[in-house]
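Per-chain residue numbering starts at 1, and chain names A, B, C and D are given in the order in which the chains are listed.
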Amino acid sequence: MSEWTEIVDYFRGRSMWMLHYCTGCGAIELPPTMTSRWDMERFGITPMATPRQADILLITGYLAIKTLKRVVYTYEQMQAPKWVLGFGSCTINGGIYWDSYNVIESLDKYIPVDIYIAGCMPRPEAILDAFVKLKEMVQKGEAKGYEKYVKNYDWYKANQDRVLKRTSPVLKEIEKVTKIG
Amino acid sequence: MADIIDEIKSMDLKTSWLGDWEFEVLTPKDRLAATLSYLKAKGFKAFMGLSCVDWIEEGNFELVYILQSYDLALEAIVKTKIPRQRPVIESMGTLWKLCEVYEREMHEFFGIEFTGNPNLKPFFLENWLDIPPLRKDFDTLAFSEELFEFKEDETHGIKSPKRIE
Amino acid sequence: MELNPLRESNDDYKYYELFIGPNHPGIEGNFSYVLKMKGHTVEEATPDPGLLHRGFEKLMERRLWTQNLALIPRICVPEPDVNEVAYCLGVEHMMGIEVPKRAQYIRVIVLELARIASFLFGISGLGGTTGHYTSVQWLIGDRDYILDLFEWLTGGRVYHIYQYPGGVKNDLPDGWLDKLSDFLDYLEKRLPEYDKFIFQNPIIQKRTVGLGYISPEDAIENGLTGPNLRASGVMYDIRKAQPYLVYNELDFDIPKTGDGDAFSRVLQRRLELGESIKILRQCVKQIPEGPHKTKVPNPFQFRVPKGSYYSKVESSRGEFGYYIVSDGDVKPYRVYVRGPSYSIGLYYATKALIGMRIEDVPVWIHTTDMCPPDFDR
Amino acid sequence: MVIVEFLIKLAQGFGIGALALATGLLFGGIGRKIMARIQRRYGPPFTQNFIDLFKLFSKGSVSHGWAFDLGLVAGFAPMLAAIMFLPIGPFTLLPSDSSLIMIVYLMMMAYLGMAMGVLASGNPNSAIGMSRALMLMAGYEVPFAAVIFSVYLFSKTGYLTQIVAQQSGGFMNWNIVKMPLGFLAVEIALQGMLGEKPFDQAIAPAEIASGPMVELGGKYLGFGMIQHSVGLFLETGIVVDLFLGGAPNFWIFIAKQFVLYFVVILVDAILPRLRIHEATSFFWKLPLFLGILQAVIVIIQGGVLNV
């Protein structure tokens, strides 16, 4: 069966559909990547309108808490095999928003990331490079983030709930000092 | 242009030029509505923005209404102070409906109550339980470290299972 | 499945909810409208912002005056330079710094180039929503020439971080102005093609003429600015009315379309793009020799005197305003950012979208050229 | 013997189905390439659609109930069935006296099956998309029916092989020369049948997030793609048989199909999308007028002038 898997992986790498969800400011470099100058369709990468059809979830930059919730929904709606690309420094460690109260710091704690692209903002060449890398990884059968998600579902869910389903103030002692009225 | 300044001065309000095209008007809280409607009648028809400054040391919130007149090519910046302990002020939604959206934002970010504004629901933030974030005593770094920066093994109150590679 | 006996009389069954965004190709950026629909018609629209909220105003209070220059371009992604210039203008006014003539010209060049890039992006949005993909490909492709010029000048394609209180960071590289002229020649050659392909296209006209009419009174009352305001017939441009930088030395017109519908809003952008080319040509001719920056204190001693100031710049979307408050410290006390899309995206859309058919909603959104990062901040 | 004949027919049926699918996919791939070149870019390899289809069938998929599954099968099965009645070059698997009516009927069945499937997904976007698709069908089927009627009157038969035979003997015998108005009407209707701009309201990504396909993923989307590809083959094929004189062999047949598809792609590249009611009312105006005019001309020629 391993030959069959290899063939399947080969074709999966040649046809990766990307979800057309602009999660952050990195989305501004996607139109040049998609259009006539860089034309990522020549690698078989096409933007798709809905998560059901997509193979790649591109997290283009920082994630506000509100967006994280949508991203998790979206990721879970996508069908395996699926891959996540963390785009820009903000997804790695918060980047320039390292001290922001509304931006998560490390994407890998909430959903499994297969490839990070460093930089703010990464150039279209870097994006294409990441896609080609991902293609190689897929064809070698190395990009297995979605399996990691299934295996560690509780861990990821706990991390997500920690941010999304807060029931008490995060900074308790300060809350005691200043209360409205 | 100058007569407006003179008229405002005759109304017992402090006013001064901030730049070539803009002047500020300091008004007490109870005369805010009157000042704004006076300016609106004088041609400052466009409402450009509402902001707030948290003067934590003197214990006040300063509300800043930015108005624009297209005929005079002037900007009027109306400022009023309300106590930080009881931040309540009437809504300007009767003058500009648009203002209610800004008030909703200020309510969320500073915790100011606008009486008469029916729509003060959460706007930009979801499930926010701490003090309003743009207040000076809110420590965003501590918040960020507490909520987002945690080691993989730390539990933080939630039973966090170990990650399998 | 159970059928409700009250189905006919129950209002809940007449309506359904439809999300335009955040994960939807028809919305601009990461932003959402929750539409209450009846058939194909919108009955109620509720904006749901905050998906891009990063708390800029809080973060800026924690950084030095000059550190903030790296932060603020991120507020408006398609056209970041207006943020830097507006912030610098505010800081310079409060500190009383005189900016050299050459630096002012360079700033105008950067602003106008960014405006052209943003207009090309904005017009391509119309193509994307109406399915006119060839125009998207062409316009975005041409926009890349501008990004290349920026990259040569500043080192960054999207975020330039090129302005600094007291001037700009580097002088223009040798030969840059010639390349700029070449690009302008190229663009002027392309524009008639675009006019024919997009603005004279009968289906584009059919879909946008008469859509989402905004009267001048409505436009003023609801805080619309920039091309959206001018398309409604209120000919107010900050560059003309309250000239900053060297705009009073440059000769340009404010084109008048004045119908107030979706088509005239896009056409307004197209015509203003032509005026920007005119401005750039003059700048290339008139730019004086001289220093490109003045001496300012080092970043750790960079203190702005006590006070407040509202500085504003005409961006491609409208008025970008920075209300800056200083208490004399090395960090700003408070910075408030007035994004041009705020009033139209969060307030006016809730009125304008009512009664619109579902296929017109994305077209309306894109013709107003709203940019969610600038009101989410 | 009957069993052997049946088995041969069955094998031939599979073969024709596969052939139609492969041709449809290849056309789609070449169409993407042409589109890319118009848009000043390189474009995907022309085999891209095969890779996409293979990948879709290797993906996991979520079902939305039995009606969803059944609907998608009901969506592509009639398309495949219709191919069997179509003369492909000199070859027809199931010759029938009423093959024209049969094909038109089966084509409509396919869309209704698709409608049943996607409506079961319960997503409002697919409901809007499907209502648009059916409304558009109500638009293009009317001029198409008018043209079919004229062809019937002209050829005095509904047997496609016979219609093709009547057109043999050179270019001047083709129906496109004899009924130019009808061909024009069918060409416009073809744009709508294939769902290319300006008539791609049903899948408009920027408006309703790709409409009927919004909940389709993996294998289900694969079935949708098969339906589209076979539909492409069928719809261009029937126009070739009706107006372009059929073909002496398979290669000329697909060459003629490709010419039709090429025109469709060119129109698709330069026009944006109409609103749905504008599209339907457009079909009821110009193409319908052309179709009816053609029928009237045929009646006058045949009945009054007795040509």
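Assume a contact is a pair of C-beta atoms (placed from the backbone, for glycine too) under 8 Å apart; a residue touches a chain by one contact, two chains touch by 3 or more.
Predicted model only: the values in this text are computed from it and were never measured.
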Need the most distant chain from chain A, centre defined as the mean of C-alpha atoms.
D
Distance between the CA centroids of chain A and chain D (whole Å) is 38
In whole angstrom, what separates the CA-based centres of chain A and chain B?
35
Roughly how far is chain B from chain D, centre to centre by C-alpha average, rounded to an integer in Å?
60
Mind checking the centre-to-centre distance between chain B and chain C? Centres are C-alpha means, answer in whole Å.
23
Which residues of chain B are in contact with two or more other chains?
124-126, 133, 138, 140-141
Which parts of chain A, given as residue numbers and ranges, touch two or more other chains?
20, 35-37, 49-50, 66, 99-103
Which chain D residues touch at least two other chains?
39-41, 205, 209
Which chains touch which?
A-B, A-C, A-D, B-C, C-D
Would you tell me which residues of chain D are touching chain A in their complex?
32, 36, 39-45, 48, 51-52, 54-55, 58-62, 205, 209-210, 213-218, 221
For the chain D and chain C complex, residues of the former touching the latter:
38-41, 124-125, 128, 197-198, 200-201, 204-209, 269-276, 278
For the complex, give me every residue of chain C touching chain B.
49-50, 53, 55, 57-59, 61-62, 93, 220-223, 225, 234, 236, 241-242, 307-312, 319, 321, 323, 325, 333-334, 336, 338, 342-343, 346-348, 376
Interface residues, chain A side, partner chain D - complex
8, 11-12, 14-15, 17, 20, 35-37, 39, 41-44, 46, 48-50, 52-53, 55, 78-81
Over in the complex, which chain B residues touch chain C? Could you list them?
18-22, 24, 45-49, 51-54, 64, 66, 68, 70, 73, 75, 77, 96-98, 101, 109, 123-126, 133-134, 136, 138, 140-141
